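These notes are about the structure you will find just below.
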Amino acid sequence: MAENFRNTAVITSVVKLQDDIVSMWLKDEEIAMASKPGQFVSFYCKDGSRLLPRPISICEINHSEGTLRFVFRLIGEGTKEIATYKVGDDVVIMGPLGNGFTLEGKKAILIGGGIGIPPMLELAKQLDIEKSIVLGYRDVTFMDKEFEPYGDVYVATEDGSTGIKGNVIDAIREHAIDADIIFACGPTPMLRGIKAYALEHGIKAQLSLEERMACGIGACLACVCKTKEVDHHTHVHNTRICKDGPVFYAQEVEL
Amino acid sequence: MAENFRNTAVITSVVKLQDDIVSMWLKDEEIAMASKPGQFVSFYCKDGSRLLPRPISICEINHSEGTLRFVFRLIGEGTKEIATYKVGDDVVIMGPLGNGFTLEGKKAILIGGGIGIPPMLELAKQLDIEKSIVLGYRDVTFMDKEFEPYGDVYVATEDGSTGIKGNVIDAIREHAIDADIIFACGPTPMLRGIKAYALEHGIKAQLSLEERMACGIGACLACVCKTKEVDHHTHVHNTRICKDGPVFYAQEVEL
Amino acid sequence: MNLKVDLAGVELNNPVMTASGTFGSGIEYSDYVDLNRLGAVVTKGVANVPWEGNATPRIAETYGGMLNAVGLQNPGIDVFVERDLPFLKKYDTKVIVNVCGRSTSDYVEVVERLADEAVDMLEINISCPNVKEGGIAFGQNPKSVEDITRAVKKVAKQPIIMKLSPNVTDITETAKAAEAGGADVLSLINTITGMKIDVNRRNFVLANKTGGLSGPAIKPIAIRMVYQVANAVNLPIIGMGGIMNVEDALEFIMAGASAVSVGTANFANPLATIEIVQGLEAYLKKNNIGDINSLIGCVK
Amino acid sequence: MNLKVDLAGVELNNPVMTASGTFGSGIEYSDYVDLNRLGAVVTKGVANVPWEGNATPRIAETYGGMLNAVGLQNPGIDVFVERDLPFLKKYDTKVIVNVCGRSTSDYVEVVERLADEAVDMLEINISCPNVKEGGIAFGQNPKSVEDITRAVKKVAKQPIIMKLSPNVTDITETAKAAEAGGADVLSLINTITGMKIDVNRRNFVLANKTGGLSGPAIKPIAIRMVYQVANAVNLPIIGMGGIMNVEDALEFIMAGASAVSVGTANFANPLATIEIVQGLEAYLKKNNIGDINSLIGCVK
């Protein structure tokens, strides 16, 4: 048996970070105990018109209380539904899913872009090495203060309203941040840039990818990404993000 | 403009009368003010997988408080959903719909069968003439005590556990109840029996019918019943229960 | 900002219409909807004589949709012309009469009868799955689609919309047949034949056994068919099938529909049509689009 | 109380199976579902060689359903036989291998290769809407359905299930063609071709543009087709399309299916199959029915 569960969790806190970003804590001891940074959880909507689970990354884990935190953006009807839940409400979730980050290296850069920032928080807490944290936003920042206890935080915004104007790579260059390992989550163009940067500088990089999912557990082959080598499951060049990822080494995947 | 509205009402009370029967009060002043006995209201489910409104008869009207009472049986997913709503919750309803009972006669029998009993309550309150009230159940009774202030109440149960053993017609015969007008709501076989009884005894009868509905307002022609004369809408022999009913004189309709 | 669209020379104030059979002749919904705000009202199917329709139950709810087997109950063209048309003419909206028949001559009779009436367009329903004769059987055969279209066009004074059935292997074949027969506009999709069984009563839910499936459940099929037809013929298309909100309407328009019809959604929300008109205005404004026509078929 | 059903001589412990492509080879779901409790596991489509499948996005949610255009990514028959079959043989459930191909010889090759393997039945997928060659094009043409069935039957040692496409005008024609070709069992329905457009990005949601619609949205269509086919041929039927719960499964059985496959529901609820097995037991008990076979096709 894999260490994952489909449970009815209870909501212990809901806070709006921005108009369209919600932070939510759920209590589920089994899932919390089994979780590690970089893994995700499938949220099942209550409305019957929405059948597929919504994958949301684990943002923080409180092992002693058996709780998990998720931070998500309201994109469509599913995330909007979940955002209406109140403290004490039930929600069916399945997890933890995926492989998560491998804790390694001596000196790390943690990079989060937009709604890819939340999963970096638990990683920042658990990764016990020297860390620089680079956060990229379009404009308004969120959660950046929460990273401060765990390392030097550098912010980049596209409109230049906070930190340096530009993207996360601009911030890394600007501040000449060096490292032997990169951990990153964010939009594909950002990950593509990070992959190029990492290869160029000979830095190992773990990238967390995203794709539309149906089963969330590796059965339906909806969520594949192109791989350099033949993948172990189908023996083609398509590996399952939900099961074999979402975290891959940069050189393993084609972005 | 017809005197009906599509509004978001607020639930002011929810009580279980039996395992599968719920009594619910809603506050909506417009609809309450416009309502009369025998009319119904369309309830719209929140779950997106259920598109069609659920027609539920008005059981009681409190004009001064602007509230309405509904009593319904949990049949399928829709009524089960509505039964989960709590005091303070919203519910979208449209109404009042249909024609309602015509208050007339000198001496009436009000007959309710099963879940056709609730709509007779407001009628009993508003119909200011001599009244016998005959209530038919399969086994366990509900609401029978609530009718006592308004007339002599006779109960019939199929299993004989309360009142006489048999159906409402048996009860009427048994107690030799006479009248110049019958008002009835209940399952079709019961209404068929009442129609026969009324014709046989030369008593006028207003029957409240039921059929599956889509629009609830007379546009889709889903909810017709066979009529004796050519109907005024389509000029065939099918009249719309939602718009031209649900209450018909016994001789108008074929059951 | 322009919401006006053109259907074979008929200019609609906006692309939002009602789907035949879900809106009566507009009278009942006029309590909730200002008909002046609609691009067109499409009436319930009208035949040459009154039709009784099918036995009840005529409808059944399904997951995200519904089945209907109303069977085209209608008062016939005479009552329609005397009672319903005068009502509709009071409004600043186009009037499209949906025509049903059991034979080609039935259709032709209604079309002739309406030739000099104040009707903007006629929609020929050759795709109703709920009647034994006519209806869907016509609509599944390219040859008969072409023949009926030609027969109707011969007597019609208004532009003719042929309403296609989705119950076919390849809808572009019937679409091309209608085009060959001289159709001015195509509308699609009519309902998809379905069935529901009540497992407790162990019987069909509908008296007619089968019914036509409509509602948001079928939208992806309808979008695919509109896209296919838009890329196969040179006629304007009225898209329908599961439109609940403005996003759905836009999907049809982007797939190639010049106008859209809203059906089942009226039952779930009587204000659906109006909300969609308002939603289109808001979408154009938000995205800085001057003319809705620039969105028609924009996704290739 | 008997839940056992027979499919062309293969006895299933109960009529509940998994729908091809939604359950992998059972490995992943075995964390949630005791495979011993299932009547059969139907594997993802397997071809003669590995297939890459389509580009992503491969799926899109729709109202009460989903579209998929996975495109039959699979490791090919060799890996399947070495890795997946031994896993499945550990369980007390029937193993049905779903076979896909781009040409008749592809299908034949896989069927031959499996002839002496511990496989109970083969399901031939001639109805996948998501591949350019083979798949649906075969399944829409009665002649080619018959030919492929015959070709496959010639080399098959296990009973052959032909999986029919719903994207046809009259499914009884392809059903009869499969029967004429010697099919032992029919399964229906595969997905219905659909499309979704993202109105904000103004583009198709799926990389493949179209995909196959599945889920409860399509159930009424599937029930109708199972009923039609059950009344047109003399073969056992495996019914599927939108089964979410025991009532849905019973609808298919009463319409004429001897067994049912659960697909999209696994995504919404990984325990769906097991809950349906339990639900069937409860239904029989509650209604005092001794044998589920008495319900097959009981609604006429």
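The first chain written gets the first letter, and so on, giving A, B, C and D; residue counts start at 1 in each chain.
Assume a contact is a pair of C-beta atoms (placed from the backbone, for glycine too) under 8 Å apart; a residue touches a chain by one contact, two chains touch by 3 or more.
Treat the numbers as computed from the prediction; the structure is a model and nothing was measured.
When the interfaces A-C and B-C are ranked by C-beta pairs in contact, the top one is B-C. Here the CA centre of chain C is 34 Å from the CA centre of chain D. Averaged Cα coordinates give chain A a centre that lies 46 Å from the centre of chain C. A straight line joining the Cα centres of chain A and chain B is 55 Å long. Mean C-alpha positions place chain B and chain C at a centre distance of 35 Å. Residues of chain C in contact with two or more other chains: 63-65, 216.
Taken residue by residue, chain A touches two or more other chains at 48-50, whereas all remaining positions touch fewer. A complete topology is adopted by the chain contact network, contact being made between every pair of chains. On the side of chain D, the complex with chain C involves touching residues 62-65, 67, 140, 167-170, 192-197, 199, 202-204, 210-211, 213, 216-221, 223-224, 227, 242, 244, 247, 250-251, 254-255, 283, 295, 298-299. Interface residues of chain A, counted against chain C in their complex, comprise 48-49. Remark: chain A residues 1-2, 4, 6, 44, 48-53, 94, 211-225, 233-238, 243 touch chain D in the complex. By the touch criterion stated above, chain A contacts chain B in their complex at residues 46-50.
Of all residues in chain D, those touching chain B in their complex are 63-64, 216.
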